[in-house]
């Protein structure tokens, strides 16, 4: 990938090598090249966009917050301190940005064969115009070059937003968020392009350490005093109305299990009362979180917010690391996830509701053909989100297409979502997804299972039309 | 796929695109092209063949009974009514055949990338000679063309049977079936080509709503009064004798779990007594169904009927739809299936019995390499059926071959079974399976893991010799 | 594969057929061709090497002890007796070597598409120089040719060891082994090339029939009287010291579950006391085996022995066969295996310990992307072993690379281990693994996801540098 004149990306990267398939893939890819980016599920913070200040430095932009990257380096013995990941006990002890960057650059070969390598190449070459690969030798020069770029107006967040061709981007926001940054952005004309997403996890998992504080804040934000379960529901409904008014299209739910079994109101009241007293059991908390997914579906059927469910990740596998460093530092590990029985209560109640759209994600690829495609392939409410997290890779996306298309077709998908907090990697991720889809569709054409014109239309659907449509269900407001 | 002169199927469809592999695959495929169809597991009704009347209309032949097709349209918001699927509350309300066909034709693009599209193209082009794809524009013309064809003698069931090159076809018949249609067919010389299959599910699941009625009918058909468990066993043995006499080669068992743990006779008597009184528990019913699989193996070891087991599908996921429309309208969803511990009692007892053949199917592809191939790769009684239902697709069949051949080889397979009630799609399905096998074998040749002559012989084995042999175990009658 | 002048192996065997990928794969493979074999996990017996006598005959060398081969023949109705597998009731009844070989040769076509076929071709052609394939016709001639070869000095174990280019080979040895053969070999200068591995399974599963005898032997070997749990631990620690002194690099653990939940010392004492009395429950035994994995990690963090864990195989599925024939005759079947919650206690305690290396194997490929890659991709102590047993095949190894590299990269692997008791197949197995890796890496190059020089370096890492480094962690002795 290093040409004689510098570092460039090959135009055919991530396309199938098969000499019959590649030219077809190229043609399909070309038909999506100029489509805008629709990024309906991500973790870029509205505050960063609203402030629109220059990014601080290359390390805190590209290295430290990227948990894909951090976990790989940690797995090979690099301490979190050396990567700038803050620690609660001694905040000042972590390495300085230039050191962090140098550590990353020195370990560049570790990323061979990984999506981090693929995305980072795109970021460094396409976004920042670097002409040399990271290494111990190049580290300082690249750090200086990147720092210089970051100081320029062209590299401020909103300038990059435009340059990336993002038509609309959804942030992720706690149920207790003020949405001030969104209001600020809307006031400056960005309201239709940057929208919030309602993520109430913190108040739905009633055995979380900080739950009572979050509920107090929820009461404050919603203006509804919360003395029990019904109050909690009303406060959530109120906040959903605020999110809808601020342009939100969707909710997002990260649960360990996909369980959606409803409780009686009396049971729910008892659990919330126990939680407010601070003596709820883990089993009760888990039952309550399943009940609240059912409730969220009920509310979505009313207010039209698309409901996104991301189950099956055991967070903070090493609790000592979590205590020292906080969440999102690499210790989230997928577990076996069951969807069929878990979602039955929700789907029997709302699976044919014309105003519900339930988007399912997974990090357990074993459910692709067995559970997810059959569910999406019959319930009108269900759509499959893009392969998520550990599966958001060239081979993972290919396996997803191969396993679900048979039963669910293309129309029961949401198209690609980048799910990233790494702002500069957004174009890289969408570009990669388009390449993988082009490759998959090209194979169908080469095997005479699809006509070329159909493949081109489908590629455009997946890249642009389907995500726009998937997150814009009719609202009954 | 639309040539200038009309709509044709590409001769290389579903063969690998790799330019080294394709010519080899073509050569292998050619060696199976003229082999007859052996269809040892399907759901075409004997009555249709015995009556041999013209099919009523294109919609009730090709659209309404095809649950693959119905579920896809339903998932995109098309109501069952519009597809002609009958409802119990208002039987007359569903759409007329021409409307149903129009709805299907209009939604043709939904099937891109699915096996329904692949099979339907074959049916419309090869069986019916259509020259135009389904669409809103072509719908009426195609409906008329199809209707015209269906009126001709050449398109009556038995004429098609011959034209399709079916050497033998097994139907699926309840334990309470009269087998009158089979007798009728046998009387007209079709006895060796159309054989029944013994499917006792209805009387083995003792908590089914209609169970007592079915048991009463079983008593009537068998001539054995059923007052308890031993009577039930005797009645089943009697009926199996009748099926064997009518040419049956196999039994078929659809259970939620693959459990085969035997009960004591006393336990079994207690459960049947409770069921006859109408107060059996779900747990007891499930234990009994596992016990009866063990009993079925015992009987197969005596009468030589091949035992087919299809576990792991949660039927009627949406119970309201099932109540309104009945079974088989798209709401059957696979669940995690365990075979190793579940089958241990049966296999320890009968796994080396020279007169038992147990054919295992799955809709849980996660068991391919972990459980199914290792079991089939050691127990003489076990064979693997074709990848089933949601896995009966070009990519599903390829993954099956890639995952099981290593450990089970080719000889521990049954070859392809079409498992279909869509009579006109039988040639399409067998043709597709032969193409996928040709592609898999051609890759082994291209990778120098198999010689071409071996690949050709293996392709013929899989298409013809192995299914014939798999369903013709020696009988000790 | 039969050329006109005899039987040869194609130089491109097992390389991808894609005409763009194959030449790249060839170039990558060539760069590993002359690297020595590092075989850090296998089941060749030290005694065979120490005695260094001619192998007895072709059947007892190549057929009878190979459970891959035996299970396939048994699955097609060949009795164990005909394969020379001894039985406890009538030891003399099994077939003579020439008969065994004839049975194998006659059934040669059964192995089409299997790794047994692939390895055996390599053994017969490359190691023994045969010029004709096994068949009923060739059986006797091949038996004679092989017998003749085996009589020659060049075919004695240590001569083959050298000819195979094995740099170092680890055997597997019970905790109660004398290690006399290793001492003998060391005395003759082979100490650094043939090293023992500490496998204490027999004494960690306290409900095994022979457990008390094994514990008595352990006491004898260690010189520590074992009256309870603490004694058992001390005896194991003492034996580990002996193994380390004898050059051992690793321990090996075959458990049904990956559970590592520690018990209190009091609980552990109670269980061992019950076991010594002979009335331990299965549940207590299982809890104890999980506890002992935790203990083994603690010891490894002290003495630096790499800890290898092989969970998830249900041994001796047919207990009657096991009783008659003993273990390892084909009835070991994989089951669903959970790693994430099971390993949490061990990893929270030792996952960042600089002196622990935990190598995980699996026969449940469903855990590749969901559990194993994420665990190896963050915990410094964890490495992934090669795809194991039923997955140690061209397609299994390819699926492994495709599923784990994304998240774990190459550096979190151990490289290939052959895990075989079939001494003559060691070069075949390493050669095949190198070919599969060359094919995988070549595809990354062809898809412009890796540069060719990186791919070549990575192939060499995987074949040689990584296994050497993986089994040579710093020791704190």
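Letters A, B and C mark the chains in the order given here, with residues in each chain numbered from 1 onward.
Rule of thumb we're sticking to: contacts are C-beta pairs under 8 Å (C-beta built on N, C-alpha and C of every residue); 3 or more make two chains touch, one makes a residue touch a chain.
Listed by chain with UniProt protein names: A, B, C = Uronate isomerase.
All of these numbers come straight from a predicted model, not from anything done at the bench.
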Overlaying subunit A (Uronate isomerase) on subunit C (Uronate isomerase) by their Cα positions calls for a rotation, in degrees to the nearest 5, of 120
For the copies subunit A (Uronate isomerase) and subunit B (Uronate isomerase), the interface residues, called same if over half of the numbers are used by both and different if under half, are different
Subunit A (Uronate isomerase) to subunit B (Uronate isomerase), mean C-alpha position gap in Å, rounds to 40
Expected list for subunit B (Uronate isomerase), residues touching two or more other chains, is 18-19, 366
Per the touch rule, the subunit A (Uronate isomerase) residues reaching subunit C (Uronate isomerase) in their complex are 1-2, 9-10, 12-19, 71-72, 74-77, 109-115, 117-118, 314, 317-320, 330-336, 363-366, 390-391, 393-396, 399
In the complex, the residues of subunit C (Uronate isomerase) that touch subunit A (Uronate isomerase) are 18-21, 338, 340-341, 344, 347-348, 351-352, 354, 366, 369-371, 373-380, 382, 402-403, 405-412, 443-444, 446-451, 454, 458
